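One chain, subunit A, appears in both complexes that follow, with subunit B as partner in the first and subunit C in the second.
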Partner chain A sequence: MVVLDYPAWLRIEHWVNVLFLTLLIRSGIEIVATHPKLYRGNDSRPGTEWARFTRKTMPTDKLYDTLDEEESYSSLVSLPGHKNLGMGRHWHFVTVIGWILTGIAYYILLFATGQWHRYLPYSWSIFPETWNDILTYLSFKLPPLLPGEPLDAIQKLTYAGVIFLLAPFQILTGAAQSPAVEARFPWYVRLWGGRQSARSLHFLGLLAFLGFIAVHLTMVGLWGWPQLNALMIFGHVGHLGWALAASLAIVAAIVVVHIAATVWSLKSPRSVQRALGFVINHGRLVALRPMVSRQRYPQSALSPEHRVNGKPPDSDDYKVMAVHHFVDWTLHVGGLVEYPMTLTLADLRALGDKQTQRVLHNCVQGWSSVGEWGGVPFRNLVELVKPLPQARHICFLTMQDTGRDEPSAEGAGQFYEVLDMSLARHPQCLLAYEMNGAPLPIEHGAPLRLRIENQVGFKMAKWISQIEFISDYHAIGQGMGGWREDNVYYDKDVEV
Partner chain B sequence: MIATNTRRPEITMLTEGQKSRILNEVRRKAGTCPACGGREFIVGDALYLGFLYVSENLDAYMIALTCTNPGCPAPRTGTRLPGSQFL
Partner chain C sequence: MAEAPGREVAVATDGRAGAGLAAIAQTARWAGIAQLISFYRYIAFNVPRVTTTVGIVVLLGIAAIRLYWLVGGFPLPVYPAYLGGYFGLLVAVAVLAAGSMVIGLKPRLVRLGWVLGSVVSVASIAMYVASRTVGLPGLPRLLRWWDYPLGTFAMALAALFVALHLSVVTGMNVAYPQRRDWHD
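So, the complex of A and B:
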């Protein structure tokens, strides 16, 4: 018979879990703030949201993009707060790695030591006992503990639900929001009812965790804060004063970690980006980089209104080119290639048969839309210009001057993005000049944009004017691998 | 696959009457080709700027003008006009 006591590993895991869970919740709220609306299915058409956490209204007579819809939440509820999606993503992803590893260790130890008996019921009688417990709590009394166990019936069922259902549910719905996972396994997104349904379910899971924490703390208070904290800190009930002091000290330490993470992120985001990005990128490149897009959505799945992020170049040169159907537009391809060249739109169209792909677009902000893109496979261009062996990345330079064109963006300068060479030959890596069977609209990047379907949307540079094959990107811009990486601290590799 | 439509979605095709009014406006303003100084143009399509750009007035259009000077190095140019002057 296993003694359901409080072994050291269980106590350590409990407090580590408190830290990770609270970091996940705050950074998750930061991520929600960047597109504070929830939808069903795959689409994020304006006006179809089932929940919104913003009072902003958008104009109907001017083009707006999803950067305009972004909210700034307080650091009290979000990590780090104040419209810092790049930081929020870093904290969310690095914490989720730690949380998953902690969870795996917890599962292994639970079953290896027999401590799983404290959570998993093995008699149907648990359900009538749970009902009796609910009635007892409603009469403002405490129900009896299960014989020989540390919990009453409803506590046992609740912990089982949180540990074995809610936690995996959050991980699985989180994975369903990775563009790499969605691109490689479109059935997995369908399993959840679509990308936005997965996002909504992930949010409901967050609410469930908040509800659990509130009830858990209330119960601990009702059953005896010092006694239960003594068990969860020291493993036995000794001096209650010490237990109370120790519990407050642990809570204070967790609060200090949150404050430190917030201050560090707000004062020195670049160092957070480098430090946390180092951890995240290694995991991401191993687990998600091998996933190649295999999407083929039906025509009926096309979004009636494909959202946009970013505003078109606000220069007379661009407007004159546009009104002349981009006849004078040229694409310069150079750098570390054998055959640098300048191509017109007609040249690009002549680079082989047009490829079309009907795919799910994932914005870093959380919205998604389905569109059909037509253009020339990027590998065709690669074969034409023949990159030199030392070419390791591709830099896409655009006609967008962010400071001039995008008032809602943090930062200024020419928009560019860097892609690894390994992605260039993906079958759905496309230079798109068409969308939904028509010339690529101006707001979606006319005359040419990139599509790389296992990445988040901001990597897919719009309004492209120049492509350079390079060996290193650290001398470009601020050296982080793209305008958004430089200015809003996103990761260069964004399979999630 | 969707059948391809070759028309750019933001472009407005102009009638002969509208093109004529635009030419009159260009002449009235003594508009010249920025590349060669020419004064004769063919009017093409119009691009509605008012919706696409925060910086533009709500009724602003970019009008495609092509300089007729055969020696012009950059014949495709444009002029910005409010829709009320030619629509």
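So, the complex of A and C:
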């Protein structure tokens, strides 16, 4: 019979888990803040949300975009707080990598050492014992521990639920929000009831974790904070004063890590972007980059409304072109190509048969909708201009001047985004000039926008005027691979 | 975009007392206490059917426990007649409240149902706590008798209903047939 004690690995994993979980919760709240509304299904139609965590109300008589809806939460509840989605994403993703690895190690060690007996019940008698425990707690008394075990019956069931159900549930619902996973496995999104249902369930999982933590801390307090912390720090009950001091020191250390992460993110976001992005991008490119979009949503799945992120160019040139249905608009394609060229909208339409795709759009803020996009496959253009061997990226330059057009955005300058060449030949990488069977609306990027379905929405540049094939992007803008990457510290590769 | 109208704290500024109040208000604002208290205004749900269903189930749970006690489940074999009357009244009002919450066609009737539910809940908590602390006439055995799971559960249900009603009153929740007018 295995002795259900407190081996060193279990104690270390417990405290590492506390750190990761608290970082995940705060950074998760930062991500919620950027679109503090929860929906069901796949759509995010304004007014259909079942929950809001904002006091803002949007105007109904003029165009607003989802950047206007962002909330600025305090650093006390979010990491780093103050409307920093880019930083929140970095902390969430780097922490989730650590949390998953910790969890895998924990599972392996639990089953390899037989310590799983402490959590997993193997007798039906656990249920009547749990009922007795509930009655005992309702009598304001503490129930007996299970014979030879460190927990009572209801604690055992609760830990089993958290470790083997709730934690995987959070990972699975998180994965259902990755555009790459959604694009490659549309059935997986349906499994959760849609992209927004997955997001809502992920949020409810967060609440469940918060509830668990509150009850867990209360239980530790009731059963004896020094004694239980002695077991979880030293592995045995010795000097209770030392145990109390050590537990407070560990909690203080975790708080210090949180403060350091917050201050670092607020004071030097670029270095956070580089350091954490280095870790995240490697994991992302290995796990998610190979996923190619295979979406074919039915006509009935089309969303009645597609939200707007980013305001259209507010220049006279653009307005004149719009009035003339963009007949004067031209697209310049150049850089490291054999055949640089300038194309009109008619030229683009003549590049081949129009391709249409009904797909799920994922905004980096968390909202989504299903739209039908029509246009020319990007690979057709690639074959036409013939990139030189040294071309490794594609830079999409747009007519949007964010300083002029987007007062809600942090930063200014021409909007651009850089895409890796490896994505250019994806079958659903599209230069779209139509949306839902009609010419592309101005607010969605007329006359031309990019669709690359395994990426988050901001990579799909709108109001495109120029495409450059390049070998390196570090000399463009601030060198991070796009306007959002430069100014709000998003990642360049956004399969999640 | 616009911020929802905030609630201003009126502070008298004349005289020493006024200055003191102003200083307290200033300190509270600096410490973010006002923000902390008004935190609930950042939370709003639009699940009126769920809210009402939970409210009704909880209220009927409170009634069912009293009914159980009334028909012989009370832990004391003999109890004063007024307690039986109290149980009966509580059951009747709870059922009436639950009924008006679900079939009330007029908003005023629905609101009345919620208020009645809260009255029943608060009364049940008050009676239970009084019976365990100061004691009730003819029920000395209930004094300090806290280790009674069904009683604790009944108190928890009552507290849950009051909390739910509070969430409706503060605007965090809406109850059926009310709906959010979110169109932005």
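As a working rule, the second predicted complex is superposed on the first by the 496 of 496 C-alpha atoms of A that agree within 3 Å, B and C clash if a C-alpha of one lies under 4 Å from a C-alpha of the other, contacts with A are read in each partner's own complex, and residues count from 1 in each chain.
As a convention for this text, contacts are C-beta pairs under 8 Å (C-beta built on N, C-alpha and C of every residue); 3 or more make two chains touch, one makes a residue touch a chain.
In this text, all values refer to a predicted model and were calculated from it rather than measured experimentally.
By the document's definition of touching, neither partner reaches A:Ala346: not subunit B, not subunit C. Residue contacts after overlaying the shared chain place A:Pro46 against subunit C, while subunit B stays out of touching range. By the document's definition of touching, neither partner reaches A:Ala8: not subunit B, not subunit C. Of the two partner chains, neither subunit B nor subunit C is touched by A:Val286. When both complexes are overlaid on chain A, the residue A:Ala446 reaches subunit B alone and has no touch with subunit C.
Once chain A of one complex is fitted onto chain A of the other, the partner contacts of A:Val323 are limited to subunit B, with no touch recorded for subunit C. In the superposed pair of complexes, A:Ser139 makes contact with subunit C only, with no contact to subunit B. Once the two complexes are overlaid on the shared chain, A:Arg55 sits against subunit C while remaining clear of subunit B. In the superposition on the C-alpha atoms of chain A, no part of subunit A is touched by subunit B in one complex and by subunit C in the other. Taken in their complex, subunit A has these residues touching subunit B: 61-63, 299, 311-312, 314, 316, 319-320, 322-325, 327-328, 356, 372, 374, 407, 434, 436-439, 441-443, 446. Put simply, subunit A touches subunit C in their complex at residues 36, 46-47, 49-60, 64, 68-69, 71, 74, 134-136, 138-141.
Against subunit A, in their complex, subunit B makes its touches with residues 1-11, 44-47, 49-55, 58, 62-64, 66, 74, 76-78, 80. Looking at the complex, you find that subunit C touches subunit A at residues 1-4, 32, 35, 41-47, 146-150, 152-153, 180, 182-184.
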